[in-house]
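Lettered A, B, C and D in written order, each chain numbered from 1.
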Amino acid sequence: MLEQLKEKVFKANLDLVKHHLVIFTWGNVSGIDREKGLVVIKPSGVDYDTMKAEDMVIVDLQTGKVIEGNLNPSSDTPTHLELYRAFPEIGGIVHTHSTYATAWAQTGKDIPNIGTTHADYFHDAIPCTDDMTQAQMPDYELNTGTIIVDKFKKKHINWNHTPGVLVKNHGPFTWGTDCDNAVYNSVVLEQVAKMAFISLTINPATTMNPLLIEKHFNRKHGPNAYYGQSKK
Amino acid sequence: MLEQLKEKVFKANLDLVKHHLVIFTWGNVSGIDREKGLVVIKPSGVDYDTMKAEDMVIVDLQTGKVIEGNLNPSSDTPTHLELYRAFPEIGGIVHTHSTYATAWAQTGKDIPNIGTTHADYFHDAIPCTDDMTQAQMPDYELNTGTIIVDKFKKKHINWNHTPGVLVKNHGPFTWGTDCDNAVYNSVVLEQVAKMAFISLTINPATTMNPLLIEKHFNRKHGPNAYYGQSKK
Amino acid sequence: MLEQLKEKVFKANLDLVKHHLVIFTWGNVSGIDREKGLVVIKPSGVDYDTMKAEDMVIVDLQTGKVIEGNLNPSSDTPTHLELYRAFPEIGGIVHTHSTYATAWAQTGKDIPNIGTTHADYFHDAIPCTDDMTQAQMPDYELNTGTIIVDKFKKKHINWNHTPGVLVKNHGPFTWGTDCDNAVYNSVVLEQVAKMAFISLTINPATTMNPLLIEKHFNRKHGPNAYYGQSKK
Amino acid sequence: MLEQLKEKVFKANLDLVKHHLVIFTWGNVSGIDREKGLVVIKPSGVDYDTMKAEDMVIVDLQTGKVIEGNLNPSSDTPTHLELYRAFPEIGGIVHTHSTYATAWAQTGKDIPNIGTTHADYFHDAIPCTDDMTQAQMPDYELNTGTIIVDKFKKKHINWNHTPGVLVKNHGPFTWGTDCDNAVYNSVVLEQVAKMAFISLTINPATTMNPLLIEKHFNRKHGPNAYYGQSKK
């Protein structure tokens, strides 16, 4: 069942290691089949070097029930499902503890959009969620999704144009059109987080002209995008 | 004698190199056979690339005498033995000069618990020991153990829940259920030390909600832990 | 057509990856045949691991028209052409988003000349361009070249003696006698940017004696240069 | 002539690359035959990946004249010779532009002795030289040696116990009993420089108890040293 998606999600999980975004079992990638309403996700706490494509777990988008698989799905599965339900256009989600993005998440601060590298992939600052309330704690993983969605809705951030978030004191989640695109965005986020750390240490007053943000974002993602070979 | 433990301790020492926690001879791993009261430890000042499993030295837990082995045991052996005697549940100990944990140790400050990566493995701040007194200096390695144990007892820190320490101006020690688990905790400590450095440079006021610490620690280590495959 | 230059530019593009200056498609190298008035440049948005020498695109120096090639040239082509037109001695140009140089570019600050590593290759501070005006935005890539050239002319900086620049909020461009020399200068710039970040974090008052700048620059580039084997 | 020393110095030069202390041609190692009064040193500006043992140049300790070799010796040769003449016990010298040590050199500040990693190999702070005077500039490389020697003599620093220095705005030199030991000390210096940067960013008031410095230095280098296997 969903063999192709399982293979793709499996490989995307290994890409996290290749891009130095995770050590041990500290990350997970999922992908969704929107027609079937099924999500394929990494099993919980399994080493990347022994993991196989058939270890991927299939869960139901609405109920979270395991549909196929012998292993527990990632403990972060309820977060993934909440994001898939709230952001209907996304096809893949990544969670890591990558160094610089996680360090920013720990601070509780948004990563400001101060460079074209950021603006090429994320239109807005990478938002950091608010503290979870005590009442939300018992459903921790589900409500991690809730506080992400709340942040985007409250701040009117377009989740397709800013495909990532920092969960306060925890770490980043990114998403994309599919799981590979979500991994790509995780790599960008880590790089952007590192450069913002350096820039703001050099010059705490660093900002970027909003016109430049629009120019760069639209050069790649606007209706008249002209970067790459697709418009040839 | 203890061939299996020697092989395991030997491999754990090499893992320090693999994880980029040591260069040259700057680290050591030991493991204990509690029933026999014997500790297996790396020899002193031997290069990792020429070291063999049979070079591991067996010493007596109580007396520190070499029971088997042609080489001097690590000069840090008295520290290891003091920790094994004071912390009866631990099965392995690691000492490194890993970059960020050592830099924190040099500052004399605890690494505050400001992220879930930290809380997943260490319940409290990673404590930094006090200065050794002049009277303690002649028995330097033994008293390195003493000041570690004193810090945990004085601050009422559970050493099984916070399996690591910074020795002031020197570097980190970690421990665990066995030597592999102690190495794992050394990798985590270095990563946590790096991220705390970045977070506090960005935002010196960084803190974490204590409820989140409890949630994350217990998700992996509490009576109702549900991370990984063990509760399947 | 220009097979040798295409091969050379292709290899120089791969060198960016080898020197860890680019990930994904975030960089481009070009080289010029001054006699023919033709520029060879990387295609836009093509992965480095599938790219071939024959994918290089040939464009006209004056008109920017594609003379040969099946792919779109780099979206930064108009910037390269403007630099080739304004700086008549240069033979190759490199653009990257290398971490430390880009972080400096984001701050809007010049990288001060505070070390002999810098002075060995760049006589002056690495200048950072001014903000592009709203009127310049529609011709963004061309005017990226314009604001670079303006900065060098307004500040009377010799572009052959300071073969690199930071484009504000964007990233570095370097150039050289040919594309390999431009790549070399990109590597130096990234290293110089990293060291300046560290030095100024340690001591914000860091400066260098101007006599030392002259000495080091002239040791390698002055009329009586004596570094290396060429004066043997 | 001196084939064994040339082979050893050649390999030590390659070790700089292996330990990530140099890129391109930015470093040099020499070794001395005290009986013959001859120094073997890397040629100037030659790439590490094409360099061969027979490219090493032999120069006279007193006159600096090339005794054997087809290539120019390192442009830093007069600095090496001055150090060999002033520090009669040393057998090898290394110069690099390693990132953190060079960044410290740029600041003009000594690297304070704030950790046992430092004290294990360098008894005192790593001193940074004063500015060279205008009168000294014409004999730049020779006087780089002079200002190093002046610093050690003026501050009464034992060069055998603190085998390294920062040349202001330039970079580190280290030395040792032979060229391999000098390379070892370069690796330690870079690591110590990085950790001091991190520590002082976290806590600008970081210091170390002088008793601990004595303890660690003597544990490895004192008359009753007990680290390693030599006292077995």
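A few comments on the model shown:
Going forward, a contact is a pair of C-beta atoms (placed from the backbone, for glycine too) under 8 Å apart; a residue touches a chain by one contact, two chains touch by 3 or more.
A quick note: this is a predicted structure, and the numbers were derived from the prediction, not measured.
Chains that touch both chain B and chain D are absent from this assembly. In this assembly, the chain whose C-alpha centre lies farthest from chain D is A.
Rotating chain C by 90 degrees superposes its CA atoms on those of chain D, with the angle stated to the nearest 5.
Of all residue numbers seen at the chain A-chain B contact, under half occur in both copies; the interface is built from largely non-matching residues. Each chain gets one centre point, the mean of its Cα atoms, and the points for chain A and chain C are 33 Å apart. Between chain A and chain D, the centres computed from C-alpha atoms are 47 Å apart. Each of the following residues of chain B touches two or more other chains: 201.
Pairs of chains in mutual contact: A-B, A-C, B-D, C-D.
Chain contact summary for the complex, chain D toward chain C: residues 23-26, 43-46, 71-72, 75, 97, 99-100, 102-109, 131-132, 134, 137, 140, 169-171, 197, 200-201.
Only residues 114-117, 184, 187, 191, 194-196, 198-199, 201-203, 206, 208-209, 211-212, 215, 219, 226-229, 231-232 of chain B touch chain A when the two sit together in their complex.
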